[in-house]
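I'd like to ask some things about the structure below.
We just call them A, B and C in the order they show up, numbering each chain from 1.
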Amino acid sequence: MAMTTTPEAVHSRAEATYRPAANRLGLWLFLASETFLFSAFISSRFVVSGTDQPEHLNQGLALLLTLLLLWSSISAFRAEAAMAHDNRRLFHREMLTTIVLGALFLVGVGVEFNEALTDFPANTIYGSSFFMLIGLHAFHVLTGILALGVVWNLGRLGHYGSDNHWPVEGVVKYWHFVDLMWVAIYPTLYLFGGS
Amino acid sequence: MDQDRRNDWIWFGSLWAIFSAIGFYLVLGIDLLPAQWAHEAEIVDDAYILLMGLSIPIFAGVAAALLTSLLRFRVQVDDIPTEDGPPVHNNRNFVRLWVASTLILALMITVNPGFIGIAELRGEPSADIVVEVQAQRWSWKVNYENGAETFNQLYLPADRRVRFDITSLDLVHSFWIPGFRVKIDAVPGRVTYLYVTPEGVGSFEDDFNLRVQCAEICGLGHAQMAMPVTVLSPADFDAWVTDLAEGA
Amino acid sequence: MRQLLRAVIFGILGYLIGATLTWLVRGGSLGDEVCVVFGYVVGLVGWLFGIGMGDTWVREWFGLPARESDVTGWKRYLGFSTDHKVIGVQYLATFIVVLLLGGVAAMIIRFELAQAGEGILNADRYNQVMSMHGILMVAVAVAAILGSFGNYLVPIMIGADDMAFPRLNAVTFWLIPPVAIGLLAAPTLGSFDAGWTAYPPLSVVNNGGQILFVLAVTTFGLSSILGGLNVITTIVTMRAPGMTWGRLPIFVWAAFAASMISLLTTQFFAASLVLIAMDRVAGTVFFDGGAGGDPLLYQHLFWFYSHPAVYVMVLPGFGLVLETITHMSRKPLFAYKAVVVSLLTIAGLSVIVWAHHMFTSGMAEYLHGPFMFATEMISVPTGVIFLSAMATLWRGKLWMKTPLFFAMIWIFQFLMGGVTGIFLADVVTDVSLHDSYFVVAHFHYTIMGGMIFAFLTGIFFWFPKITGRMINDRLGIIFALWLTIGFQLTFLPQFWLGTNGMNRRIADYPDQLEGANLFSSISAFFLGGSFLLLIYILLSAARRGPKAGDNPWNASTLEWQVSSPPPEHNFSGQPTVVGHPYGYGTADSRHAEFAGMTAVGLAEPEQAGTGEGGDNE
């Protein structure tokens, strides 16, 4: 087994063996780490203001946002599956759907923020938690959209195929994660407690 | 066990004994702690001394092991070492014994001075008098039960159990009386409690540790955020506090 | 060089663009904290883009091929290098400089404290210098060992050719300069003066410099998280064939445990600082007791990270010290498995003890007992580390070179830190000692004694590997003794000061405490002086120390089987691990082999006498 090779050859051989595992583990660790970030903020909400809620909460809008995001997770999933089967057209379409849904979500958040500014501004304790949590999440949605955009573009340019689409997989997992965090934030702000 | 190995342990044992003796002599012979002005100070100091007493043999043991190693196991190496030590990878029983003894020691101190100490220090939730304290950058305001009020001065009766109700108007401060060995933070938006029973009559003039010192950094005047404490006999205190309330 | 210049320009431009845009949108003045925040964020992006992300990732994001940097030689150290050894050295150099900066601040502090009353610093300046000292040193403590030795040694020790994510690794390092710049630029906005702990409400209402503290330290946290992620992934996925979990060198385990902590808890520090930033610039009221907020929220979040952080500081230190002890006493590491279990147990327990910093904070009293109990339990796994260190020394063949000196001194220093920690974990004594100089002495024993001494152990042990040159051993030992004596004389009196009524973070103290303070200050200058000797030792050895050869300590682990410094990609062939890392004293024991391996790290058993075993041409 001790054949003499150049370091470079050893290097690229080794790279091929561990790369997929390293990428996958790296992503999961990153998501675990992000989970802790969200849990820090979510627990802060309960520490400072329990489950108190203000009188005006736009429950309808929040539900709509939740549905948008859930839908986008499905389309993201379909985009990934499409790439796994080399179905470029479907990938293209589903990716675009996901991005549009994400953007709509952000628009919804903007509307929500605008209402919140009058109903429970940042200098109330619920308002503080509200802006912090929704803002944090919206920031993640934004980065998710940018990442989806990059992958969509590269997919369009033909950089990926059924056996080589890790970036698609990674970004879609991240998108699911962002969705999942919303599923935690939504009840934290809208459902627990209240009247 | 061959002679050489026995000698290692004899060295270790003797050094341990010597270091422990020196340690105990220093710790018990020298007065490391300031004067006690409250019942609570005795509880805290007893705990402190107990922990000190327990740590001395630990320090002595580690120091003895290190010194024995240094003196007996060093080798002269020229250029590159050619000799290895014995291939001892483990000694399960010794590890078990070690873990068991550290665990027992840790549990012991968790119980005493841990839980027992907490119970003693906290005592019954009942007080002879209640004193309200308000911290604000960088001063203290004190209110007594009968409406008397002092500013940057704290008067207390000896031998009566006092409850302080402490709060802050701006930042986190901390109410520390070194002579009593107790402290609790003053937190805006909360009232925190502290029980003490002062012992002995005296004032800041007698001991600079009879003072309330802010112990949580609060900016410019943090170091100066202190007020002298005066402990009066119960009769003197009653007279003083009535005078003050009526004069006001 | 070109990259660095570009990064600086983009960083400054980014700052100006971010700040100006914010100012245009919202009015006010350009120096407002909101403008600073957005300026900093855009500046940071510009900096990262300029230093190398623009050449690599960003180009790939748009489907263009990456432009890899082609600089060689010493210039690699000033640019975006993805070589883990270069990054390790970058960390090492950076944090030695930060350590010295923090040391200068320490000297100023002790000068002020030499006498009661106001001296060279007024109370405000004092708090600022003290806070700067604190945060610089905490940064050193958190990142110096993991950043330098973690990067340099972990891949080689496990038989890999680099970290799992080399570019991410470079980004992790290049996030550090903005941290330093942010902190050092704070005086332009009036400095920060709330200590390294930055408790609100003080940190919400004080000078604008605090916002730079918040931004810089959050960036630093990001760097810690990414670094931890990289180390863990590397260890899990890139071990050489045969490198089972039971054959990992102990430093790798220590780095693994510490990285777990920084990966999963740093967020809490970041979160607490983000909340402060929001209270400062967005008008939220998280810490405003009057408006329904709660200052204690910060303390919980903060200590949920910052207690585990002390293990991020010392666990890698444990690793360095244990490595050094086993190699230099030429005995297998005692109770390897128990040590591994202890490292992981400490990492696990470290997240359930945070509120021992809050016994006097006014939090609910029923929490005191459980947190005290959990804290005392950490002494059990820590005790195993001590056992392993001492039992490995016992009956070894101690080669008393500087690294082993440092390692043995470490044992005693860290014991002081650990035992005094029990006093602070015990609620009764902590009620008296909390926020007093006792705490200051305690954490200097743990951080300086436990982390800096381990760092120095590592520097002296691996210097020959990193530079290919030997250190002057006699000077090294003089330095070790000088430092130790200075350290003890400086910090021992502070225990006494704490029990005798001196609170921490003060520029002035009661006159009665002057004697001990003067003594501590003079000792501190003596201690500070020893670092000049360290600089001399390192620089002179790097320039004209004798050649070290591949394996000057005749040690067994993989990093000693390659040249000093190791070649690019570390190994000439794929290493295969065949045995225990510390097979000292066992005939024919081998840890690993690979094609073209030259050095062999184990002496022959005594009677073999052929004398060739330890040679390394």
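Here, a contact is a pair of C-beta atoms (placed from the backbone, for glycine too) under 8 Å apart; a residue touches a chain by one contact, two chains touch by 3 or more.
The structure displayed is predicted, hence computed values, not measured ones.
Undergrad: Could you classify the connectivity of these chains, where an edge means two chains touch, as line, ring, star, complete or other?
TA: Looks like a simple chain-to-chain line, open at both ends.
Undergrad: Which one of the chains is farthest from chain B, going by Cα centres?
TA: Chain A.
Undergrad: Taking the mean of the CA coordinates per chain, how far is chain A from chain C in Å?
TA: 32
Undergrad: When the centre of a chain is set as the mean of its C-alpha atoms, what distance in Å lies between chain A and chain B?
TA: Going by mean C-alpha positions, chain A sits 49 Å from chain B.
Undergrad: Report, in whole Å, the distance between the mean C-alpha point of chain B and the mean C-alpha point of chain C.
TA: So the centre of chain B lies 29 Å away from the centre of chain C.
Undergrad: Considering chain C alone, which of its residues make contact with at least two other chains?
TA: As it turns out, chain C has residues touching two or more other chains at 292-294.
Undergrad: Would you tell me which residues of chain C are touching chain B in their complex?
TA: Residues of chain C touching chain B: 123-124, 127, 193-195, 199-202, 205-206, 288-290, 292-296, 329-338, 360-362, 365, 368-369, 372-373, 376-377, 379-380, 383-384, 386-387, 390-391, 393-400, 408, 411-412, 415-416, 419, 422-423, 426-429, 431-432, 434-436, 496, 499-501, 503-510, 512, 552-554, 580, 583-586, 602-606, 611, 613-616.
Undergrad: Taking the touch rule as given, give the residues of chain A at its contact with chain C in the complex, in rising order.
TA: 1-5, 7-8, 10-11, 13-14, 18, 21-22, 25-26, 29-30, 32-34, 36-37, 40-41, 44, 47-49, 121-125, 127-128, 131-132, 150, 153-154, 157, 159
Undergrad: Looking at the complex, which residues from chain C come into contact with chain A?
TA: Listed in rising order, the residues of chain C that touch chain A are 61-63, 160-161, 164-165, 225, 229-230, 232-234, 236-238, 263-265, 267-268, 270-272, 274-275, 278, 282-286, 291-294, 297, 300-301, 304, 567-574, 576, 593-596.
Undergrad: Which residues, counting only chain B, touch chain C once they are in their complex?
TA: It comes out as residues 5, 8, 32-34, 43-44, 47-48, 51, 55, 58-59, 62-63, 65-66, 69-70, 73-75, 77, 80-91, 94-95, 98-99, 102-103, 105-107, 109-110, 113-115, 117-118, 120-122, 168, 170-172, 174, 176, 178-179, 181-185, 187-190, 192, 208-209, 211, 213-224.
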